[in-house]
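Heads up, the next two complexes both have subunit A, just with different partners, subunit B and then subunit C.
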Partner chain A sequence: MRFSHRYVYLLMIAVVAIPIVFGFSTKPARMISAERMYSVVENVSIVEGDIALVWLDFGPNTIAENGAQAEVLLEHLFRRRIPVLLLSQYPLSEGLLKTIPRKVADKLNIEMPEQEWKYGESWINGGYKPGSGNYIQSLVASTDISTFLGRDVLGMPIEHYPAFAKITGVEKIKLVGEITGLTGVFDTIIQFFQKKGYRPTFVHGCTSITIPEAYIFLDSKQLHGLLEGIAGAAWYGELLQRSFPQSSHKNLLLTNTALGAAQIAIILLIVAGNVVSLYSWSKRRRD
Partner chain B sequence: MAQSELLSIILGGIGTIAIFSFLIKENYFYRIFEHMFIGVAAGIGPILVLRDFLWPQIVEPMLGYTITAYPDGTFSAEYQPLYFLYVFPMILGMLYYSMYSRKHAWLSKIAIGVSLGASGALAIRGFFAEVIPQIASSFKPILVWRDGGFQAVESVNNLLFVAILFLVLNYFFFTLGRTGSVQSRTASWGRPLLMVCFGAFFGSTVMARLALLVERVQFISRDWISAIINVTGGTF
Partner chain C sequence: MDSRTALIRSFTFLGGIYFFFHFIVPESALEVIGIKDAHPGISNGFIVIGAMAIGLGIINLVIGHGSHVVFKRRGWTFSAVLLVSLVSTLGVTTAQWIRNRAVSSELQRIYVIGEFSNRILSDASDVKNPKSFSPAGELPKLEFRVHALTKYVREVLGEVERASIEGHGDGSQESLTLREELHKNQILLAADLDRVETVSWENLSDSNKVLLERVSQHAGGYATAYSVIRRRDAEQGLIPQMYTVLYSGIFENLGAAMFALLGVYIAAAAFRAFRVRSMESTLMMVAALVVMLGQISFGKWIYEDMPALRQWLLEVPNSAVFRAIRFGAAVAGLMLAIRMWFSIESKTSSEGR
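Take a look at the complex of A and B:
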């Protein structure tokens, strides 16, 4: 029995579209490593001058998973009032370095109009940094990171922003986050973002493809928390909502539900395909 | 919604449909957008290097543009002539382009040699920084006693981990390979374990691709349709 593969594509699009169009979502599954990451971010203790450094190393090709992860991580850091320095080693993330923190800040500003989250205080965008391992080594070795970074993407000296003016050394970076689906990029942080007497508290958001590789680093404690694809982001969103009931992640839950529906459809297709194949085989034998 | 944002959403939707049209069959609509994406992806890199790195971090300090002159004749900082040392690595890097000349192509080998040497040293350092903690963490206790009691689940996990580690390492051990030895007889046991691992990789790859589909369906069904309705005034 043969039929066009286009019907399978159509079926998958339909299965994915149903929860999205009808707004049907389910509770996300519990993810232990996402819980660990939540607790790490929640317990980061900072004093004046300390910051978090988040690398957004993804583009449109993995925005489905990495975008959601970046949003929940930044939301948590913003809520905790930890100043975030955003950098990237991936050129295609240039636009996302602007839009994602802005989206999160806008959401929080609407939620709590009496408070304010704004550029220069809550976050700054250091932009794309070429040089990979070489650049990271120089950054880590610098005794005045504010001067080393030079200017942000708006052309303003980093010293201009009080929250980021006194990054005297890498020790001031209390948390490093890496959101990417590129294992090569992630590896450079693991390899070079450390020096004698300093290993960062390191959290990572990965795509589903790179989950098996990321687990190795989680097991060896080189990683302190991990967001596994959409499911990890959805559970992190759930945890945020438990701590901050006004925080809503409806979109994320819809995406997670649609993904779950698609997975069920694929499993059913595999089972059906095998049953049909087995039936044809036994029929051929009987004939 | 700003006009520019509206335009980018509409173009994004058309691009998505163009790329998905490949699922029906290969067509010109798909080809045009494929080439557009490759062009944009290739073009954005050099511009960003120039705008975000080369100009503000190298050229500006080298030429003293980062120093502000105040009306009273004083300056915000003293000029550092050492910044001119950047010229030497820049010249070295430029030697790569000499490979386009037959006569001077040998010069590019200097740049390639230096790059290879530096990358090699960097890779060795990076390798040890990455792998040593992983090797250390693979030494796990098979019987775990903690808080005055035996931790059965953790012990089984560790036992599985160590057993799989040995079996898979054994599968890739080709040095002795004596037929009939314990090593050669147990080598094949690693194979099904590797298959399980590949299965997990394949499953997670499918999941990642589906996540992309979900995001695009969300974008088309909400943002793009809303933008089209906005532009056509609801007549669409």
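Take a look at the complex of A and C:
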């Protein structure tokens, strides 16, 4: 049976567009690994001088999934007033390192005008760091990370920012987060971001494609929490909203609903494809 | 084997053996032979060599696509678009980097005020420090250092006034508040300086201590307000706007659109190719359905425990299989690494044979 794939493309566009255009969203599905991650971030205890390190290792190609994950993770860390150092192993994330934390801070500043989240206090952007495993090993071995990092992307010495001035060693990094859609990048952190007497509390956000790989590290407890694609980010947003009722993730819920509709469409296409194939086969046999 | 090949082989082998031994030799032994202290430098050297690949990539792109454009080969217009994009992005990001560095240097001059007064205080207060202030100490006299501080602060305040930053800004309420904050701290700092200049600095009395602390505090407030204003100004220029257009306006959308095509291809493939013809493909389809339904809102409408079932599939059978795949890949990776270490794999080394 001849069938133009254009109809499939049209169907997909319609299925994805309808929830977004008409603003129809449903409650996300419960994601147990995202719940673990929420609990880990919620229970990280910090004292003055401690920070969280978040690697944003993704570019515009996976922004739909990884961008949403980065936003919910940063929102949670900002709400908890944990200073965040942002770094990347992926050069194309350079612009996102600037825009994503700014977006989250602007949202919180509007939500709570009596408080302030700003660059230099709530977060700093260390930028893209070449060298992968070598860089991570040097960072971990450093006894004065503030000096080791040198300057932020604005060219300012890290020591000028009081919240980040005294990162005396890797032990000051109480939480490591890594958001990526790339394979190999996440493993490097698992492999090298540790030393004798120190293993980080590690959370990770991955795209739907790399979920199976991430689960082995979750199972071995080398990973303490996981955001699985948009679905994970949407459930994390739901958990944030339970704790902070004013927190809204309307766009994320819309995207998640659109994705859900697309997956239903794919399931129906698989069934339809098999039915058509079975029909053709039985027809050939009859003839 | 020619000398070039021998050189490449030797460097590859030495690089490999260095990291191999660094990994397996105990830390105490590395400390004894002095490698532990040298390692960050060696490691940075490798990072720098790795970063050079970016430069090589640019040269490669320019040569490859430049020749397409010059000789007007098939598809040369795409090459031209690529080269124009490369040059414009490189130009805009370089200009922005230079601008940020200039603003940072300017801000550092202000931040130094607070650090300078704190340093004078700590040097003068710390009697145990051999280099701390004392009339016969190695450091300049307190009086001299305070005089240098006041002279420096007056210079900086004059520079900021000359820059007449009041003339800039977007006129918003936030911008006006920031300028008011800057002005307030400027007045307080100037008043502190007047007082600093009228008292004796032969010794660090308690009142002098408080005065220096006030200078540090007001200088901090002044620096913070000024840095926010300068950063905001820097974000409003033509170059940042061009960067936003290039990155957020064009690159982000093109990148996301390219990846979104994947979804459409998967849908087409689902209809045309995903056939249940064997036990294995049936298993695969069932697993795929459970995983997909378990992570979407509609899944629990079909079966309440769908998310839990999905979680079990990922945690148990998937983890077991993926571990096996990873072990296999790791052994293959090890073999590949050994071949690279001994230069068995590379074209350069095989040329000599």
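Just so we're on the same page, the second predicted complex is superposed on the first by the 287 of 287 C-alpha atoms of A that agree within 3 Å, B and C clash if a C-alpha of one lies under 4 Å from a C-alpha of the other, contacts with A are read in each partner's own complex, and residues count from 1 in each chain.
Assume contacts are C-beta pairs under 8 Å (C-beta built on N, C-alpha and C of every residue); 3 or more make two chains touch, one makes a residue touch a chain.
Note that the structure is predicted; figures quoted are calculated from it, not measured.
**Q** Taking subunit A as the common reference for superposition, should the pair subunit B and subunit C be classed as clashing or as fitting?
**A** clash
**Q** Regarding the shared-chain residue A:K221, is it in contact with subunit B (first), subunit C (second), both, or neither?
**A** first
**Q** In the superposed arrangement, which partner chain does A:V275 touch: subunit B (first), subunit C (second), both, or neither?
**A** Touch partners of A:V275: none, neither subunit B nor subunit C.
**Q** Applying the touch criterion given at the start, work out whether A:L259 contacts subunit B, subunit C, both or neither, answering first, second, both or neither.
**A** Touch status of A:L259: both partners.
**Q** Considering only the touch criterion stated at the top, classify A:G150 as touching first (subunit B), second (subunit C), both, or neither.
**A** The first partner, subunit B, only.
**Q** Go through the superposed model and pick first if A:G229 touches only subunit B, second if only subunit C, both, or neither.
**A** In the superposition, A:G229 touches subunit B and subunit C alike.
**Q** In the superposed arrangement, does A:A17 touch subunit B (first), subunit C (second), both or neither?
**A** In the superposition, A:A17 contacts subunit B only.
**Q** Touching A:M112 in the superposition: subunit B (first), subunit C (second), both, neither?
**A** After superposition on chain A, A:M112 lies in contact with neither partner.
**Q** Quick one: classify A:S142 as touching subunit B (first), subunit C (second), both or neither.
**A** A:S142 contacts subunit C only, not subunit B.
**Q** After superposition on the shared chain, which partner residues are touched by A:N251: those of subunit B (first), subunit C (second), both, or neither?
**A** After superposing on A, A:N251 lies in contact with subunit B but is clear of subunit C.
**Q** Identify which of the listed stretches of subunit C (171-179, 243-251 or 297-305) has C-alpha atoms clashing with subunit B after the superposition.
**A** Given the superposition on chain A, subunit C and subunit B clash at 243-251.
**Q** Which residues form the common part of the subunit A surface touched by subunit B and by subunit C?
**A** 9, 12-13, 16, 59, 61-64, 91-92, 94, 130-131, 134, 137, 151, 153, 155, 157, 211-212, 216, 219, 229, 259, 262-263, 266
**Q** Subunit C touches which residues of subunit A in the complex?
**A** These residues of subunit A touch subunit C: 3, 5, 8-9, 11-13, 16, 26-33, 59-64, 91-92, 94-95, 99, 118-120, 130-132, 134-135, 137-138, 141-142, 151, 153-157, 160, 196, 211-213, 215-216, 218-219, 228-229, 231, 256-257, 259-260, 262-267, 269-270, 272-274, 277.
**Q** Write out the stretch or stretches of subunit B touching subunit A in their complex.
**A** It is residues 23-24, 41, 44-45, 48-49, 51-53, 56-57, 60-61, 66, 118, 122, 125-127, 129-130, 133-134, 136-137, 197, 200-201, 204-208, 210-218, 221-222 of subunit B that touch subunit A.
**Q** Of all residues in subunit C, which touch subunit A in the complex?
**A** That would be residues 27, 39-40, 43-44, 46-47, 50-51, 54, 93, 97, 100-101, 103-105, 107-108, 111, 227-228, 231, 243, 247-248, 251-256, 258-260, 263-264, 266-268, 270-276, 285, 289, 292-300, 306-308, 311, 314-315, 318-319, 322-323, 326 of subunit C.
**Q** What does subunit A use to touch subunit B in their complex?
**A** Residue positions touching the partner: 6, 9, 12-13, 16-17, 20-21, 59, 61-65, 67, 91-92, 94, 127-131, 133-134, 137, 150-151, 153, 155, 157, 181, 187-188, 190-192, 194, 207-212, 216-217, 219-222, 229-230, 251, 254-255, 258-259, 262-263, 266.
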